[in-house]
Amino acid sequence: MGDILQYFLNGLARGSIYSLVALGLVVIYQGTGHLNFAQGEMSLFATFGAWWFNDHGVPLWLSILLAASFAFVGGGAIEFGLIRPAAKKSPFAVVVVTIGLFQAFNSLSGLLFKGAATGLSFGTIFPNKPNDFFRLPGGAVWRYENIGVLVTVLIITALLFTLFRKTKVGLAMRMVANNADSAKLSGVPTNKVLMLSWGLATAIGTIGCALVAGINTNVSLGTMFGVFLLASAAAILGGLDSPLGAVVGGLSLGVIESFVTNYPKDWWASTYIGADTATAAAFVIILVVLLVRPSGLFGSARVERV
Amino acid sequence: MTMLEANDISVKFGGIVALDGLSFTIDDGQICGLIGPNGAGKTTMFNVISRIYEASSGQLTFRGHNLLKVPAHRIAKLGVARTFQNLALFPTMTLLENVMVGGHSTGTIGFARSIFRFGTARAEQTLRDEAGDLLVALDLDKLAFHPAAGLPFGTLKRLEIARALAAHPTFLLMDEPASGLTHSEVDELSETIKRIRDEFKLAVLLVEHHMAMVMNVSDKVIAMEFGRKIAEGSPSAVQNDQRVIDSYLGTSS
Amino acid sequence: MTALLEITDLWAGYGRQQVLQGINLHVDEGEVAVILGANGAGKTTTMRAISGMIERRGSVLFQGTAIGAASPDHIVHAGIAQVPQGRGTFTDLTVEDNLRAGAFVRKNTNDSIDTDIRQWFEVFPRLAERRLQKAGSLSGGEQQMLAIARALMSKPTLLLCDEPSLGLAPIITQELFDVLGRLNAQDGLSILIVEQNANLALRIAHQVFVLETGTITASGTPSEIAQNDTVRKAYLGF
Amino acid sequence: MPITITESSAQHWALRFVGVATLAGVAVYFASGAAPSTLGKITEACTLAIAAIALNLLLGFNGQISLGHSTFAGLAAFTAGYSVNAWHWNPWLSLLISCAVCFAFGMLVGLPALRLKGSYLALVTLAVAFVWPTVARKFLNQTVKQSTLTGMKLKPPTWTGLANNRADRATFLFWLSIALLIVAYGIVRNIRKSRIGRSLVAVRDNETAAAVMGVNLPLTKTITFGISASLAGLAGWLTAAQLTTLDENSFSILTSIKYLLALILGGAATLAGPVVGAFVYYFVDNLLKTNAPKWNFLPGQLSNGPVASFLLGAVVVAFVFIAPTGFVGLIKSQTRKIAIVVPRPLRHKAVAEASVENSKSP
C-alpha cells in the first residue's frame, strides 16, 4: 500500500513537469494551430543560459527567472522573425521550420556550452537533502523537492487560467485561437497576441526544463528529448486546445509512467523492455485514446461542414 | 421509374435530431428541388445519400441497392455523384486532373498494376480523352492545364460539375450551386443543369435557396423544416403552400 | 452632405494579382451604400481592403483621416466595424463571449458593456436563450444576427456587411435587411453592404455602386440604377 | 522566348535520352576512376536518396507526415543483419524479407493515420522513432548478448567479375546502390503517373472530395504507408550492406529528421526532389564536417558535429523562405527560360487547339 502511494507521488512530480511543458504547447497550438517541435530545445537552450548565469555567481532562482525572461523575448522574436513569415507560405512550412529549429538549437547548445553533451551540474531551488521529506502513513515519503515542483506547476497553471478566463488579454488570445480573421476585425492586434503566446510558451517551457534539471541535478543535450515527447503526448491526450487537458494529461501520464516502471516487477515483457516500458506503455495508451476520441479527452471536436 | 427511395430516414447527432423520419422518391431523369430554412436538414440528407453521415434509422434504396449498407467509396461506382456547397476541389491539380480524379470510380487499376505499369496506358488515355470531352462540354478546355487554385468562383463551380459527371453518374446531387452567383450567372447555370440532365440522362437533387432557379429548373420541389417534409409537389404548388410561405419564403419574396 | 468614407483610386489584391484596379466610391453620413457585382469582381476584396486585412494602395479617408495604410485594429478603433463573409463567428466561444469580443476596442467598464449586451439580447431574443451556448451551435440565421450584434458592440460609425444573405433562407434574409434598415433609420448608422441579392439591398440603399472586374462601372441612386438596362438584367433579374 | 516541347514527343524523348545518358556517363566515370572512399560516399548519398524518395511518396504526394522512417530503415537493417549472421540466410533473400517486414509494420503504423492528421500524426510517428533505439538496445542485450550487430558483409556475386577486396566491394556497392535507387525512383514515378497516384494527391488535397469520387481512404492511406515504409526498408538494408557494425544509435530520431530535411531541400512532391536534395544534403554535410574544425574564427574547441548540424538546420530553415519549392523548384524556374515541356493537347473533335497557352502560366 505504501508502495502504491509512493509510486503515485513520484509520478505526480514527474507528471507536473510534463503538464507544464504541455501547457506551453497548448498555448501555442491554441493561438496558431501549430505544434512547436522546437519547444523542448528552445527551453533547453534557455536553461543552459540559466546554468551560465548561476555559474557566474547569480543566485539560482534569479538565474532561472532571467533565463525565463530571455526565453519570453526570444520566443516572441522567433514567432515574429521565422514562424509568421513561414505560416504565410503553408502550415507545412511551419512544421519544417520548427524541426529545423529543433536541430539548430540542440546543436547551438552543444556549440556554446562546453560539456553540454555529457551534462552540466544543475542545482535546485527546493530543499533536496536526503532527509528533506514528509513521511506519510504506510511508509511512503514525499520529498520537499517534489512538493515544491508540484506547487510551482499548480501556481503557474492557476495564473494561466486566470489570464485566459478573466483578463482582456486572455479574451484576445481565445479570439485569435478561434478565428484569427474575426479577431483582427474586432480590433485585436493579433500579431502582438501571437508573439505573446510564443513568448509565454517558451518561458513556461524554460521553467519546466529548469525544474527537470533540478530533479536530475544536471542538464545535458538529451534532457528535453524525452520530456518534450511525453509532454506532447500529454497535450495530445488532453486535447491540444485544452489547457485543463494538458494538466490532467501530464499528471496522469507521469503517474502511469511511474506505475509501469515500478509495479509489475516480473511480468513477461520486463526482460525485453524493462524500465523503458513506461514510454512505450504511455504511447499505447495515448494511441488508444486517440483512436476513440481523435481530439483528445478534453479537446473540442470540430464538426466539419461539407 | 423510381430511382431513389428514401423511407423514414432519421439522423441524430448527440441529442440533436437533424432528420426526423423523412421520406421521398426521385424518378429517373427528374430534377428535384429541396428547399427549407437553414438547419432544416437539407445538407444532412445530402450527406446521408453520399454516405458521409450515418443514418440512425430508415431505408434508402437506389436502383435496388440498399444504399445505407454501401461504403462511401462505392457510391460513385453505383452512379451517385455530387457537388459541394463551398467547393471541394483539388487545388494543386490541373483542371484536367481534377476531372480525371472524378472518373476514379470508372477505373480498375490498383497499386500493383500501377507500380509495374501493367496495362495502364490505354486506360489512362481513355480517361484523359473523356475528361477532355467534359471540359469542352462545360467550356473549361481552355484552362485544362491550369491548376484549380486561384481561378474564379464561377469557373470552379463548373469544374465541380464536370468532375462529378466524370463518374458516369445517373444521379447528381448539387448543394447550393447558385450561391455566390449573380442573376445572369444563375440563369446560365439553370440552362447548364437542364442541358446536362438531357445530355447525360441524369436525375438531379438540388438544394438551393435561390428560389427563381429552383422554380425554373425543378420538376418537383420538396420543402423541409426541422428535419421533416412539410410540402411536396410541383414548383408552383409548393410556392403557394401556406406553411412554406410562413416558415421559409416569407411574404414579400 | 459630407462623405463619411471617401475612397479614391484604391488598388488591392493577393500576391501579384491585382483584383481592385483603382476604384472610387464614397459612403455619406447616415446613408446606406450598396456594392453590386459578380463573383470575382472584387467585392470581398474591397471590404478587406477597407478594413486593412490585405495590402492595398490608394487613398481611404474616414471622417477626414487617412486610414489607407492603417492596421485592422486601428481601423476598428477609428470606428469601422465589419461583418465578414461567412459571418466569422467565434464558434468555440459562448454567445455572450462573442458579444464581449466585439467590444474589445472599447475602453468602457464592464458595466456599460453588460448593458449593451442586454440590449442586444432584447433585440434578438433567440440569442438571449442561447447566451451560454457555444456560438458554433447556432443556426446560420442566428449566427448572422450574432455577427451583426458583435460588430455593433464596438460602437462603430460605419458598418461594413459582406454578403450578409449568403446561404440564408429568403425569410431570414428579409428579416436581416429589416434589421439593417432599422439600424440606419433609427440610429443613423452608416452602412456599406456588398450583396448578390440586389432586390432586397436596393430597398434600403441610398447609393449604389456596380463593381465589375475591379473597377466601378456604374453608380447612382437605386432608381437611377434600376433604369440602367444592362445592370438591371445582370443583377436584378428582370 | 523559350522553346516549347510537347510531352512524349520525339524531342521530349530525345531530351530524356540525353539526360539519362549524361547521368550514366557520370556514374561510369566515377566507377572506373574514383577512390573506394569516394564511391563509398556516393553510395551513402544514394542510400539517403532512397529514404528521401520513400518519405516523398508518403509526405509529398499523400500528405501524411512521418518522423518514424528511421525506424523502418533500422528495422530492415537489423532484420537483414541478424538473419544473415545468426541464421546464415542469403542476403538477397533478407532484402525481400526486410522489405516485407517493413511493409507490414508500416501498415500497422499507418493505422492511426486513418484518424490523425498533421501534427498529431507527426507526433505519433515521432514516438515510434523515439522508442526504437530502446527496443534495439534491448534486442542486442537479450538476443545477441553484445552491444552491436555485425553487418551483412555482402560479397560481390561471381558473375560480376569483382573480387572480394575493399576496392571491388566499393565498386559493387556503388552500382548496387544506383540500381536500388533507380528501382525506388521507378516505383514512385510509376505510382505518381497513374490512377493511384492521382488518388494519392487527391487525398492530400481534399479527403472528403476524394472519398466521394470513389477513393477508398483507409486502404489507400495504409498501403501508401506500407510501400513508403518498405522503400525506407530498402535504404536500411543498403545501410546494413555498407556498415560493418550496427548499433542502437544507427537509426535515431535525428536520422528521420535528416530524411525530412533532405527532402525539403530538394523539393517535396516532385519526382527529382528527394534525389537532388539527398545529394546536396549529403555533400554539404560532409563538407561542413570536414572543414568546420579548421575554422579558427569560431570560439573554443569545437566538436565537429554541432557546427555542421547547426548550419544545416539553419540552411533548411532559410530554404523554406528562399526556395519553398526546393532545389528542383529553383532549377525549374531557371530552365523554364530556355525550354518548357507542355502536356499533350486534349483529343476531342471540338477542340481545335487545346490550351497550350494556359499551361505556361504557373
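Think of it as A, B, C and D in the order they're written, each chain with its own count starting at 1.
Everything that follows uses one rule, which is that contacts are C-beta pairs under 8 Å (C-beta built on N, C-alpha and C of every residue); 3 or more make two chains touch, one makes a residue touch a chain.
Computed from a prediction, not measured in an experiment: that's the story for all the values here.
Taking the mean Cα position of each chain as its centre, C sits at the greatest distance from chain D. Between A-D and B-C, more contacting C-beta pairs join the chains of A-D. Between the Cα centres of chain A and chain B there is a gap of 47 Å.
Distance between chain B and chain C, defined via averaged C-alpha coordinates, is recorded as 32 Å. Centroids of chain C and chain D (each the mean of its C-alpha atoms) stand 51 Å apart. Along chain B, residues 52, 84-85, 88 each make contact with two or more other chains. Those residues of chain A in touch with two or more other chains are numbered 303, 306. Residue ranges on chain A touching chain C, taken from their complex, read 168, 171-172, 174-175, 177-179, 181-190, 300, 302-303. Chain C meets chain B in the complex at residues 17, 37-40, 139-141, 163, 166-172, 174-175, 196, 198, 233-237. Considering their complex, residues 29, 34-35, 37, 82, 85-86, 89-93, 95-97, 99-104, 106-108, 110-112, 114, 117, 225-226, 229, 232-233, 236, 240, 271-274, 276, 279-280, 283, 286-287, 290-291, 294, 304, 306 of chain A touch chain D. Remark: chain D residues 187, 190-191, 194-199, 201-202, 204-206, 208-217, 223, 227, 269, 342-343, 346-348, 350-351, 354-355, 357-359, 361-362 touch chain B in the complex. Residue ranges on chain B touching chain D, taken from their complex, read 50, 52, 71-77, 81-82, 84, 88-93, 96-97, 100-102, 104-105, 107, 109-111, 113-117, 120, 123-124, 127-129, 132-133, 135-136, 141-147, 163, 167.
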